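Chain IDs A, B and C follow the sequence of writing; residue 1 opens each chain.
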Amino acid sequence: MTAPIFEVKGLTKKFRGLTALSDVTFQVAPGEILGLIGPNGAGKTTLISLISGTLLPTAGEIHFEGRRIDGLPAFKRARLGIGRTFQVMKPFPGLSVLENVTVGALFGATEGQEKKRAKARELARELLEFTGLTRHAEQRADQLGGPDRKRLEFAKALALHPKLLLLDEVMAGLNHVEVDEVVALIRKIRDRKVTILVIEHVMKAIRNLSDRLLVIHHGQQIAQGKVDEVLADQRVVEAYLGKRRQ
Amino acid sequence: MQLFAQILVNGILLGGLYGLMALGMGLVWGVLNIVNLAHGALIMLGGYAVYYLYTKGGIDPFAALPIAMVLLFLFGYLLQRFLLNLIVRSAQLNTLLITFGLDVVFVYLAQLLFSADFRTINPPYAGSNIDVGGVTIPYAQLAAFLVAIFLAAILFLFLDRTRTGRAIRATAQNLTAARLYGVNPRRIYALTFGTGAALAGAAGGLYGVVSQITPYIGVTLTAKSFVIAILGGLDKPIGVILGGLLLGIAEAMTALYLDPTFTDIISFGLLVLVLVAKPAQILGRA
Amino acid sequence: MKNLQRAGLALLAVGLAAVPFVASDTLVQFGINALLVATLTQGWNIIGGFTGYPSFGNSVFYGLGTYGTAIAMAQLHLPFGVGLVAGGVLGVAFALLFGIPILRLRGPYFAIATLGLAAVMSAIVATIGFAGKNIGLILPLFRGDTLFYELSLVLLVAATGTVAWLARSRFGAGLVAIREDEDAAQVMGINTTMYKVGALALAAFFSSLAGGIHAYWITFIDPGSAFDPTLNVRMVIMTLFGGPGTIFGPVLGSFVLSAVSEVLASKVSTVASLFYGFVIVLAVVFMPKGLLDLFQGFRHSGFRYFAQNMRRFRL
């Protein structure tokens, strides 16, 4: 394995005595897609929030490109190149789709020219093209339909020029065709040399996408490794798949 | 020590009434997400309703309370059904603005109709009191306190036990889910606002018995209700009554040990401190 | 088109600047008040309209500007210019100091915390001997309505220019993003704390300078009028009436409402206030997004504008 771009060591989060996440440790190589699975309430979204900085860990370390980042505020991590989407999507409701993405380009990871509004808008238009939102550019974000909102989440996160992208259940509520589109989109993003951590419930999709899997259950990390090995793991079957079969 | 006990009792009696004032505001805020700046004006209208029922109709103020509550309920129901429902889904600032406008309208209508003179509801037993171990407890204040507690208990049972009450609470949690549950939101919103207004009406009547009413009493009472509603946790009746007691005692103690002019500094300073120091706890419901 | 707009605005500014040389004293005095209130409204627009934080503490900035200027002039016998700077520094310092803890709160919680701060401040000032306790301070008399008018106009132009800059700058885009969704803004690289405090400090800057000018003009100040919370309520109403988060909406809204209440105040005051209340209620129902939006929307879709809004915001 090449030197990791991203590394989590012994990450723990407690909410007033309740342990949401306990001693999670893993690494991600550049350009890799790591799938994060686990039953509802396992602590997956907590993990994403800890990485993006909207929550602060109780214990443990997070390293990104060799730099320790667990003490940094969320906006600094975003500027270092960590983008995320929200499970409960968070567009800027009153702004147009184009403006939504422009904000990301104005504040994102690249220094210099994109900070000018005109340049930022240009970049935003490219990303709308990339995510297939061009014809909705002038529409208000709160008037978009479900699948288009997901695309907007992608476009906004990509506007940051992220090196690491955290995707929180971007396929929930989509039909088969739409899921395939999103899978294709994620592959396209990976081809842009973006490392991706993806939380997903749609098993088929995550199996197709992921290079490796990490399984969390009740805040504990119970398995990690190659997709097929992990899915065959007895604990995973019991904790996750077994439960789903009921 | 006796002085301390007396002040404590005064604070508790006043605090119960404060709690009742805040109940209606907290209910409307918690369920409808409307911060009703006209709440104090509704309290004021309730005060006048009881005042006129007593002076013109010769009805004992405590017997007049239910009548005032029914009047205010109807008024609040219609207000929400035909005016506030039109804008509830716009920005929260707009609901602030419209209730502020209503407050202005109510206050100056009251001034035109009832004049700006001080009014006191003065039943024959107003001056009498009972002495418990050197602590004086005025009957009227005690009765007002007991009524406030009684109404809080009724509200709690209403929200907890009745079908309508549960529908109201479901609406507070999630409007979409409440719709699926078969609730007609327009009616529930009007019912909730009406209930809030009825509680304000009761508080106003009691306030008229223990203090004085003018068309302008509303602003301070709105501000205090706001403070207490936040301290108490909005649509949680028991919490709101406790918040009222806390504020009542704090004010009474400040007036005694510091200076009466400091009461506002204390109540609002307390509020700012609580908000800043413990946002997570207060915002826990969010 | 853009040049035409600019020329029109320049003409408007010149026209406004000429008012004291042609108009009556009463009109100039009304003008000073209207300009200062418009400046306050524009200041509120920065924190309330752009950033989405419904502040009820802007009257504190105004009051601190008033007192900073008054103390410098009445107690320390410093010239007006120094007094104005003192007032501005006081207002901005307060915003920076209290902004960080208070701006952690959101929505109504922020509103009530600032309201509480306003109540506490006026009570505290009323106990300070140096600030004249609850009696107040008297400033040296200076008759020069033309100067006060032009000064107020310059301040309003500066405030509106700042808002125009916000509407097209990166900083302003950050504020709007915070208003629309603060959590999302944060993970998009916006230093939300710094931006919010910056917006509050800008609002404080203009509000406290308006307070300083008003203090010297009116020559007598006391805690009740300097920290009057209803002044803040007027800022909110005028902003919402005109159109929050726009450049000219708040100015338009405050001019219209100032004029309405001036006309009405000469009639019976109770009926005037009653009417004011009705205007607010009707404005929320029929133009929930402000006067400016009404103009644009009405030109675009006529009377259907009302129906569209109604359908969107009703339950």
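Assume contacts are C-beta pairs under 8 Å (C-beta built on N, C-alpha and C of every residue); 3 or more make two chains touch, one makes a residue touch a chain.
Treat the numbers as computed from the prediction; the structure is a model and nothing was measured.
Can you identify which chains form the pair with the largest number of contacting C-beta pairs?
B-C
With centres defined from CA atoms, tell me which chain sits nearest the overall protein centre.
Centre-most chain by C-alpha means: C.
In whole angstrom, how far does the Cα centroid of chain A sit from the Cα centroid of chain C?
Averaging C-alpha atoms per chain gives centres 42 Å apart.
Once you find the CA centre of chain B and the CA centre of chain C, what distance in Å lies between them?
The mean C-alpha positions of chain B and chain C differ by 31 Å.
Taking the mean of the C-alpha atoms as each chain's centre, how many Å separate chain A from chain B?
Result: the chain centres lie 47 Å from each other.
Applying the document's contact rule, which stretches of chain C touch chain B when the two form their complex?
For this pair, the touching residues of chain C are 48, 54, 101-102, 104-109, 111-113, 115-117, 119-120, 123-124, 126-127, 233, 236-237, 240, 244, 270-271, 273-274, 276-281, 283-285, 288-289, 310, 312-315.
For the complex, which residues does chain A have touching chain C?
Touch list, chain A to chain C: 52-54, 73-76, 78-79, 83-84, 86, 90-95, 102-104, 106-109, 115, 117, 156, 159-160.
Mind listing the chain C positions that touch chain A in their complex?
By the definition above, chain C touches chain A via 168-170, 173-174, 176-177, 180-181, 183-193.
Which residues of chain B touch chain C in their complex?
Where chain B meets chain C, its residues are 29, 35, 83, 85-94, 96-98, 100-105, 107-109, 111-112, 185-186, 189, 223, 226-227, 230, 261-262, 264-265, 268-269, 271-272, 275-276, 279, 282-283.
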